[in-house]
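Order of writing sets the labels: A, B, C, D and E. Residues in every chain begin at 1.
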Amino acid sequence: MARIGIFIDTLKGTLPSSFRERIRTTLRDVPEVVFSVEEDEFTSETFERMLKLLEHEGVERVVIVGGSPKLYETTFQKLGFPLPFNPYLFTVANIREQALWSSIDEREASEKAKNAVLKAIRIASSLRPIESQTLPLKPEVLILGGGISGISIALTLARAGIYVFLVERERTLGGKVTELWKFYNQELEAKGWLEQKILELRQNPRISLLAPARLKYLRGHMGRFQATILTDKGEETTISPSAIVVATGYRVERKRGGIYDHKRMVTLSEMEKLLSETNPPFPFFEGKRVETVTYLLDDTNEDIKLDSINALKQSLLLQGSLKCQVAILCKEFKVSSDRMERLYRKARELGVLFFKYEEAPRFSLVNGQIQVEVKDTSILRKEDQWSVSILSDLVVLCETFLPHQETMELSALLRLHLGKRGFFMEDNPQLLRVRSNRRGIFIAGGCRFPQEISETLFEANAVAQEVLALLSKGAYTYDLSVAEVDPKKCALCYTCPRVCPHSAIEVEKYAEKNVYLTHHVPENTKWGAAKVDPASCFGCGICVGECPARAITLRHYPDEFIYIQMGLDG
Amino acid sequence: MKAGSNLEKILSKGLFAVTGELGPPKGNDVSVVKRKADLLRGYVDAVNVTDNQTAIVRMSSIATSSLLIQMGIEPVMQMTTRDRNRIAIQSDIFGATALGIKNMLCLTGDHHTFGNQVDSKNVHDLDSIQLIDCVRTMRDQGTLLGGEERIEGKIEIFIGAAENPFADPFEFRVVRLAKKVRAGVDFIQTQCIYDMKRFKEWMKMVRDRGLHEKVHILAGVTPLKSGGMARYMAKNVSGIIIPEEIIDRIVKAKKPAEEGIKLCVEQIQELKEIEGVHGVHIMAIEWEQMVSQITEMAGLLPRPKGE
Amino acid sequence: MIKAEQKPMEEILRSIDPYKKILLSGCGACVTVCHAGGEKEVLLLASALRMARKKIGKPLEILEATPSRQCEPEYAQELSELSEKVEAILSLACGVGVQTLVRFFPKMPVLPGVNTTFLGETLSHGIWEERCQACGNCILEKTGGICPISRCAKQLLNGPCGGSSKGKCEIKKEADCAWQLIYDRLSSLGQLYKLEEIIPAKRWGIESRDSGLRRIIREDLKI
Amino acid sequence: MLEKEVLIIGGGIAGITVALELSQFEIPVLLIEKNPSIGGLASTFCCKASESCNKCFACVVDKRIVEIHQKRNIQCLTRTEISGIRKNGKKFEVTLKQGRERIDLQVPAIVMAVGIDPYDATQKGEYGYGRYLDVITAKDLDEMLRYQGKLVRPSNGEFPTRLAFFQCVGSRDESIGNLYCSQVCCAYALRLIRAIRYQYPKVKVCFFYMDIQPAGPSFESFLKSCREDQGIRFIRSLPSKIYYSGASHLLKVRVPDPQTGEVMEEPFELIVLSVGMVLSQGARSLVQWLGLHYTEDGFIEASSSQEGVFVAGACSGPKDIDRTIIHAKGTALEVYQFLKGRD
Amino acid sequence: MVDFDPKIIAFCCDQSGYPSADMAGSLRLNIPKNVEMVRVPCAGRVEALYLLKALEKGADGVVLFACYEENCQYLRGNLRARGRLSYIHRLMEKIGLEKERIEICYLATNSGVKLVETLQRKTEELKRLGPNPCSEGK
């Protein structure tokens, strides 16, 4: 029979003594309880006293009767746990939040508390120690994608002493920034800024650039990834990075068909090229002077601010020094980036016209120019809302932002989840915009959500910080509070690798010793079975419920604990 | 001469053949057969007798065909591989030829889930091509399927099959026809035609392979009674393509029935000019009375006597 | 793998109505893979049956066991000492497992808990589709690896029927026409010539189940 | 004299994130907060989910507050203010005031994460915030939903059925000199409306706005579902004045009728002002001590001139919670590189 | 039967259900006394078997608290839980148990008020439905 020690936390005296008295009476007639001691506060001194008491009484299991388990988990981790004692041999009976405070009267409170304490004792008697393991992490990172995110992360990590493999599909680096002419909020030439960064990257000894090349296979888990890279000359190199950053960017597609193919219909990126041309300097378009330019925004995607930023930057130049008349048609003008409101007011002072529409405007060709009719919803009277029509030399369209074609294939290769519109990473706040669903793989930049460069650089820094935090200590220590597959019962039905949200389970032909399953399986037995990678497992237990052969157990949370908490003997 | 049937004589003389179609009653009321037969007598060279069409239980094709013989009309007995295994098929052919039936159409048949006996077990021991091969072996080699058993008596039958140029994959349809020809089919009756362009394309591919000399092709037509019928057939009957303009023409017509007949006659005239089409097969199911008017307006009368 | 689906609950309840104590046995192979008869389903069904019988006042006692397989004599015998304590066995194994138990428990009623449906492939997790009829003489070589006998509604051996349109079978709009798949597959392999050759009538009576009970005997293996 | 590697001023989500990320580098951190508990403005937000999560990140803040207590090398001091900072040589000497006690601290790096205050709506006199009890700010509504869990009119405790939301109160407004968009209030207000409409389907809402600003990857589908919701009326004009009629105890607002375009008066039982962001006033003295500069919009210039001084979170410019966390992670990286570069 | 006190088992996901229960406690809201709070790492940890075993062994109702969609710490836990619940509901219909006895309710970390309201509503509902006819204890 397990010997259990009880520590009653008076929570700085807030638990009324009568309430604690009733707890002690119930404890008296429980055979397993060896001693029950009251503590006012858990400090490092209380730990020394506790340790001496535990050794003296020869007690292996401890129940803390007090507040919420979350409170004790935090204080124990903060105070540095009494090391010889395995942290998983502690359990908590929550008699403050879920008994004392959540009851209408004293009687109900003590009844709930008694029930909680008895359950905690029964759980305590079947607690099992959980060891912790350390996974060495070489300071090596694989970055997929040589756009602005990939470059800035590579530079940051290389400066911090991490060896970086940068794999880029195209021959040149820079991605979308190569098409950028000027920044919207800094007087800086984009090309020079990018050239300087690429130069610095090529010279850095800790960055090995593989371009044009692509990832062919990926096997293994964090710390032991095996990535096979295929270069354009057909050679295959295999590297073993400890972490991977996906920064493959996005692609844009232009509206086609009918009047949209007309040469006077240009896209924002084409307009950017026109503006940066020197001979003949804009505003001459095919030999003729451009008088009026119309921007059509929010036609394709309404939650990306990039279009409004580029449109405003270009129209300030067109209306200002180039003396053209600019009209901007939009559903909602996006000013929610820094200094955009000031630029928006400056544009209006210069004479740029803004119209708000809901129904798509109508285009027609009138002697060489494009006539744009739009129903301006900001005009109050309904009848004359259709009165606005603009004859313009150039109409600038916004493009649709889409994930690259290979995203589907790459996500299958890396076993990553995709969001609703096919971009990487579902829109789940718990991923904090940088983490993927697998441990050790991070996502940065436009391949998650196309944004303006300053936002993308912030995100790149955040990803660099996550990678550095992971690799700076050279090892990843983790508790074996993970799932474990019993190879004898596994029917090899592939349910768990499909269902595991973190892709931490694989069916192994020879699941040699199933990592930590020691007691009833003879040494180095060769079995075909599903195997959980302990470092990548988050301990959520989803696979346990899905396994048709009930072959998986969660080591720190077996069925028994749940049946005991349900108040039914399982 | 393979069977000496009236249809065979007309076709072998190179004349333009006309065949009709008759659905046996959902019971044993012989007067229904008589009524429909009288409507067709003299206007067509031979009358197809369907075999439990769309898997709806009707009087058997053999019985109806022999009734037609007694009424002086030459039947074309249809036989599907859905309901009978090879034993039943060969014994039915013995019986049919004994009763004087000289034409036969080998079909796979509609799936039983379309009919009124959905729980039945479908047989499909043979498929249509294997059925053609089996009948040809009985006729030319005088043995049963498998080749050893000598047949007491002589099997004389003019073998036909169906073909649907409008089903997918289109390029394969000619290959399937070639397989049927190699299996020994003598004449072909196609699915009802509305998409003339696609039918002409198909005929061109047939001619490229020289199949039009090896087999007599009869083009199938069905007069449309109403716009509703047109839309129903276009949507529900798979393997039939009715172009929009034809549906609109029928729907917008003041008298859709007459318009349907007029369209059918125009189609027949157009089909006559196509090289390789040796006849027309008028499928006026439950509208047999219009066959006389159609053949008359299309100038197909009087029908030659196949001496 | 063999794919199966659990029988409707009313049917199971009716079949075990006369008994007060039964052995509910799952099988660790095919029915586990298709989530029809593994240990998880055994425990779920056991709990549901006890509750159903408790509700109508006829409590039912259930022993649960899930051997690795039920189609091997030795595994079936694993259940023998449990079977002495019960009046009937409800087996969630496929048809093979049920009948193996019958051989070893002659005086014990053995009731099926699942409907064995087909030999199938997993399209995606939780979706299975029929692939093989076990017809005894495989013609996959002739059709580019797609079987018309199990995937064509009319089991045609010589090309699509007249009802195949836009690649779909006329009988079930959501099902692909097997011969369209064969045609596409052979054209991608550049072996369309295989469609020209007539596949002769299949010897159903000799090869397939129509020849009556079939048995495979390997003299070299016999003990 | 206390010795620490980094001092983080401000216990909001920005300060917490910098502290958490630095603790992963085993860097001892001191976090000070002037309020009695840490979590800042974001820890008073309620959950704004309707059928599914609307990505307001409030629960992420709650989780991170719990996480911070678990870290060994983070020391939190609440109810603490700074009374003076002097720089000598490489280190800063900081004197902290906790109630009556005085603590002296020497620290090589300081992170400014003082965050923002919601714009004081009383300054917009014509909206009558402070005078009429039923005119509240979005922050008040949030706290009401979080702590009381039900929607009531502050004046008489009844259940309001007609609500109005005024956007851009205190931002994009030349008259008070706030020439910037606070970037978050549109999404914040719409999420509140969706949550309320989901929980109380009888409530009808009028949403007065200039331009709806997006937030995050699935905002387009979120906005579409808001537009399809019959109970929400989108009106693209900001009323200038709120009238209170004592008789009917209702607030009246002049609104253009969408069909005819004439202006008519519409009664509301509760009006919520989506207030913008301004730099928290406690920051004035700190900026001066640390030699930082202001941006045009009155926030703190992020690229600091002084060695060892860093800025994190919304005090360097309006941000919603997820971009604050990302910005704070970037700052934590800069602090780590600065400390590592030093030795 | 008004005096009948329905026994409810509440599976609380450690990311949303349990912290909300703690928050309800700190807000001094009354959690009905006949509720057994079961702490699980994630709603996805709750097997279909536990739901049935709960009813079989004497509970009158079960509430499964999971995170809102697209807010699950483990990304798929709440969706798998919902799938298992629909399987159990089909099973319960067949054996004559009302589907309302087992319910899934979505919460976030800070929805203490919603948790308590759901439990109170559930208690009333179960009072109307009456005791569990199939449980062993009775």
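In the analysis below, a contact is a pair of C-beta atoms (placed from the backbone, for glycine too) under 8 Å apart; a residue touches a chain by one contact, two chains touch by 3 or more.
Here the structure is a predicted model, which is why all the values come from computation and not from measurement.
A.B. asks: Please give the intersection of the contact partners of chain B with those of chain E.
C.D. replies: Both-contact set = C.
A.B. asks: Along the graph of touching chains, what's the shortest path length in steps from chain A to chain E?
C.D. replies: The distance in steps between these two chains is 1.
A.B. asks: State the pair with the higher C-beta contact count; candidates are A-D and C-E.
C.D. replies: A-D
A.B. asks: So which chain is the furthest away from chain D, centre to centre on CA atoms?
C.D. replies: It is B.
A.B. asks: Determine the centre-to-centre distance between chain A and chain C, using the mean Cα coordinates as centres, and give it in whole Å.
C.D. replies: 43
A.B. asks: Calculate how many whole Å lie between the centre of chain C and the centre of chain D, each centre taken as the average of the chain's C-alpha atoms.
C.D. replies: About 61 Å separates the centre of chain C from that of chain D.
A.B. asks: So how far apart, in whole Å, are chain A and chain B when each is placed at the average of its C-alpha atoms?
C.D. replies: Roughly 66 Å, centre to centre.
A.B. asks: Suppose each chain is reduced to the average of its Cα coordinates; what separation in Å results between chain D and chain E?
C.D. replies: Those two chain centres are 35 Å apart.
A.B. asks: Could you pull out the residues of chain C that touch at least 2 other chains?
C.D. replies: 40, 43
A.B. asks: Among the residues of chain D, which are close enough to touch at least two other chains?
C.D. replies: Residues 53, 55, 59, 66.
A.B. asks: Could you pull out the residues of chain A that touch at least 2 other chains?
C.D. replies: Those would be 70, 427-430, 499.
A.B. asks: By the touch definition up top, name every chain pair that qualifies.
C.D. replies: Listed in label order, the chain pairs in contact are A-C, A-D, A-E, B-C, C-E, D-E.
A.B. asks: Taking the complex as given, what residues does chain C use to touch chain E?
C.D. replies: Against chain E, the touching part of chain C is residues 8-10, 40, 43-44, 47-52, 54-55.
A.B. asks: Considering the complex alone, what residue numbers of chain C touch chain A?
C.D. replies: 28-29, 32-35, 38-41, 43, 66, 122, 125
A.B. asks: Could you pull out which chain C residues touch chain B in their complex?
C.D. replies: Going by the criterion above, the answer is residues 153-168, 170-171, 177, 180, 183-184, 195-196, 198, 200-201, 204.
A.B. asks: In their shared complex, at which residues does chain E touch chain A?
C.D. replies: So the residues of chain E in touch with chain A come to 9, 15, 18-19, 21-22, 24-26, 28-31, 33, 36-42, 44-48, 50, 53-54, 57-59, 70-77, 80, 84.
A.B. asks: Given the complex with chain A, which residues does chain D contribute to the contact?
C.D. replies: 21, 24-26, 53, 55-57, 59-60, 66, 69-72, 172, 174, 179-181, 183-184, 186, 211-221, 223, 236, 256, 259-261, 295-297, 317-318, 322-323, 325-327, 329-330, 332-334, 336-337, 340
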